[in-house]
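I have a structure here, written as structure tokens, and I will follow up with some questions on it.
Chains: A, B and C, in written order; residue numbering restarts at 1 for each.
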Amino acid sequence: MAFIPHTEADVAEMLAAIGVASIDQLFDEIPASLRVRSLDGIPAAMNEMQIGKLMSARAQTDGRPLCFIGAGAYEHHIPAAVWAVATRGEFYSAYTPYQAEASQGTLQVIYEYQTMMASLTGMEVANASLYDGASALAEACLMAVRANRKSKAQRVLVPRSVHPHYRKVASAAAGNQAVRFEEVAYSAAEGRTLASTLARFDGQDVTALVIQQPNFFGVLEDVDALTRWARERDIFVIAVVNPTSLALLKPPGEWGAGGADIVVGEGQPLGVPLCSGGPYFGFMTTRMAHVRQMPGRLVGRTVDVSGRDGFTLTLQAREQHIRRARATSNICTNQGLLVTAATIYMSLMGPQGLARVAAASHARTAELVAALTRVPGVRRVFPSPYFHEAVVGLDRPAAPVLQRLADRGILAGFDLAEHYPELGHALLVCATETKTSAEIERYAHALGDVMKAARAA
Amino acid sequence: MPALREKVIFEYSRPGRGSRDQWPEEVEHPFKLPENLKRQSPPLLPEVGELEAVRHFTRLSQMNFSIDTHFYPLGSCTMKYNPKACNQYAMLPEFLGRHPLAPESHGQGFLTCMFELQEMLKEVTGMQGVSLSPMAGAHGEFAGVAMIRAYHRARSDLARTEIIVPEAAHGTNPATAMMCGCTVREIRVAADGDIDVAALEAAVGPHTAGIMLTNPSTLGIFERRIEEVARIVHAAGGLLYYDGANLNAILGKVRPGDMGFDAIHMNLHKTFSTPHGGGGPGAGAVGVSARLLPFLPIPIVGRDAERYRWLAEGDLPQSIGRLSAFMGNAGVLLRAYIYMRMLGRTGMSEVGDYATLNANYLLTRLKQAGFEAAYPQRRASHEFIITLKREARELDVNAMDFAKRLLDHGFHAPTTYFPLIVPECLLIEPTETESREVLDAFADAMIRIAREAREEPEYLKGAPHSLPVRRLDDVRAAKQLDLTWKPKEGV
Amino acid sequence: MSQVPADLHYTKSHEWVRKLSDGTVEIGITDHAQHALGDLVFAEVPDKGRVLASGEACAVVESVKAASDVYCPIAGEVTAGNPELATAPELINQDAFGRGWLLRLRPASAAFGALLSAAEYEELLRAEGS
């Protein structure tokens, strides 16, 4: 039974009250030709014990290899309290807080989250989340087009050092609304975007410039120079940032002279498990001047009729359920439970804990790069400073090396051949605070073996 | 002025406090950052111990209504029980810890679940292909309309830029059409609640990209002439899009593919019982008929012999593209998979049966108590509309007042003021997981509130009285924007 | 029943137009419109110098329950947006035809033909059932 409590007696009494002979009669308005006969393609029902065994067997098949992949999703320690509290039924099974008086818990969590994200990014206001970092970038580009009154071109510059999937999602989402995306090359020597590369756009009508920090390669961009270039030309700056890094890095609100206009990023590192890619959450922050152009929900503090403080959704007139065709976006459901988890995570870590995670992640990656580049045939590709990821080059194609290492239980990194063939045989490697020196040594040792065997073959 | 029942967490902060057991060790050699890239002052995050944090968020949770604690008859939201098994098995460590870019060789268990989910969703909706990547219903709508546009463009039919939407449609529908670069034309609903077919015939033409419909409609009733609607739109060269918000009413009983729909989205967080989470995460899987298969958003799971793999840009060159950085809300999809496996083939139609039984029973009780149904001659689907326009006129109490007073009675209010075309309405969806006693208790509460409307209207209009806050000033919230906590001056 | 001053012109989308003595016109939304919106929390008015076409969306008024575009009734160049509305959008509720004005503009031509008279606007409201 599909979690249905009715007994036969219940059903009989209910049918009698309604005045029909059978449940089937309640469907008599539906043309008979449309009625389903049977769903042979659906397997038979399972009880909880049976599904538990099935899922456990499938999980065992996948196992738990040692993971050194970053590329937009990062493994960090998640305190047990985060999901113990976030999966409480009162958070887990609550709806969107439209009836504010019955949702003060959720609303206050979001208000606290908005406060933390605004501060972390050096901006003035945050929304209650978007689907993920990539779709948040798409929304930011659309928002820049709406908000940048000084530009008519609807043209957004996107460096190739921005995550390749993010660029694809932005173009899939915003392409239908006549936004033009143009690629900006990165410096092959340094692995970052140079302000001099932007010179070719001088004097042209450009709406926004996207700057990812750290960039997809893990490299730290010269955010001040890029921001200054844009702001001097009334071009909006859209920052795409890693939230853990902001414990140590200068936030976008302080880039250049005047800071970024819109900040987005992937919130997954803040207490959200990797889980094959989702659910994560996209964050967006901006200045108060642009708050009415920002998509997604906003929670505001106000008072009730007795003068007591409370929280409610506000500026809803921008949203789809009121504005309809003129809404800032069509977003309705967002990523509420993940925001709850992230707020608990940030509360447990605090500014010091988050700084430790950032510092430890950088240190482990430095240790990893040193260990790997000691292996013959492996070299560091970009000399530039990085946060917690780096590109290493191999003297042979990466794909077979990665597969051999995976067979030994090590997910060694992300192969860059598909998206950056100009880098030759290269992979993006990442180590966070979760990796020990022994694990790093195990990876380096295994890589040594695999490279040696490949050379001998 | 009475304070918040639970302080804002920053007010618990004390410098130097923290949940130290959660922090990694300090590193030997600190991160040598160029001065101009260094953060100068720490971010405003709480400095509290672990117990303080746990207590704070637990207390906040206790101020929420939720399915686990309250009957939640929100129309079009399908607030059914979220089985704990779905959460437990979706959170097995191997699933939880898997990186999205891990190789397929280390994900066959997960990919098997995703492939089987695609197949089950195809079967229960009668569609030919499914993509799991959209992350919410509105996201799925975007994909659906984008696919319809891509289809017309691929046939060089560039004039088709208009989307038809019934006037009772959910706000995401016209917003989505606009996001896809289309214009919107609204058509009227006839007095019996079905689409005005004559108006539809007049509205379609060579400019029609398609029509977006929910069935049962947002009025809670089945669109009886759907086959005719499909014929008219297809004959004019347009396609049909199905908004799956109300799929719970017909699960296992009718299939959108059989009704003639070309693209559909499903709300897995409604029909397939994944948690609402206080505003998400959802998942808005899309299904398509054969002609739209090439345009599905990537990635989707394919099968070669007995191995599963991702199909992406190379396999679907005409795809509308990627909608998420990775493959969508995997954890939500796992929960939907577990739910569907537990229901099985018989359980699917039990959902449609009992959701409809519960709605019709509750409608009967309310009609007998003197409430006015918006479409009294029609069967309820899984939901129905009560209009309080008479009470508003005679007693000056409105749908909002009823909704707020229901909270005092321990029920979350139904959906109010939607759909827009019915004045002072309550859209009520009990779902199949509620017992008859709960429905009776709700009807009894409505009766008591109606009596109160006659005898103590002022008290009623002041509701809610028993919650952590009374009615909130949302005008002030919008005019005096207070969107972040700020430390007091000098602190 | 909403107020409908006799000396103004109106549109079907509930804007009003007042001729000023210097040849410019003043534009706002009607009492019916402000009542339908409820308490206004925000109003965005166009900048001086902006050139508007007839029917072009020129302002936005926002309440808690709705955000509405305001459509320019006649073509012209904006001479002023009401500066008081930035801090007091409620003026539109309190005095829709007076201190709640939205913008002033210099019309491109003298043609007022497409606008409704007060009597015609009242008839429209009656037909809409308010």
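In this section, a contact is a pair of C-beta atoms (placed from the backbone, for glycine too) under 8 Å apart; a residue touches a chain by one contact, two chains touch by 3 or more.
Computed from a prediction, not measured in an experiment: that's the story for all the values here.
Engineer: Greatest Cα-centroid separation from subunit A: which chain?
Structural biologist: If we average the C-alpha coordinates per chain, C ends up farthest from subunit A.
Engineer: Based on mean C-alpha positions, which chain is nearest the centroid of every protein C-alpha shown?
Structural biologist: That would be B.
Engineer: Just how far, in Å, is the C-alpha centre of subunit C from the one of subunit A?
Structural biologist: Here the centre of subunit C sits 44 Å away from the centre of subunit A.
Engineer: Subunit A to subunit B: how many Å between their CA centres?
Structural biologist: That pair's centroid distance is 20 Å.
Engineer: Rounded to a whole Å, what is the gap between the Cα centroids of subunit B and subunit C?
Structural biologist: Using C-alpha averages as centres, the distance is 37 Å.
Engineer: Residues of subunit A touching 2+ other chains?
Structural biologist: Correct list: 317, 322-323, 326.
Engineer: So which stretches of subunit B touch two or more other chains?
Structural biologist: Expected reply: 474, 478.
Engineer: Residues of subunit C touching 2+ other chains?
Structural biologist: 42, 62-64
Engineer: With touch defined as at the start, can you tell me which subunit C residues reach subunit B in the complex?
Structural biologist: Residues in contact with subunit B: 39, 41-42, 62-64, 89.
Engineer: Flag every residue of subunit C that touches subunit A in the complex, lowest number first.
Structural biologist: 42, 44, 62-67, 69
Engineer: Can you check the complex and tell me which residues of subunit B touch subunit C?
Structural biologist: Touch residues, subunit B against subunit C: 474-475, 478-479.
Engineer: In the complex of these two chains, what residues of subunit A are touching subunit C?
Structural biologist: Per the stated touch rule, the residues are 292, 316-318, 322-323, 326.
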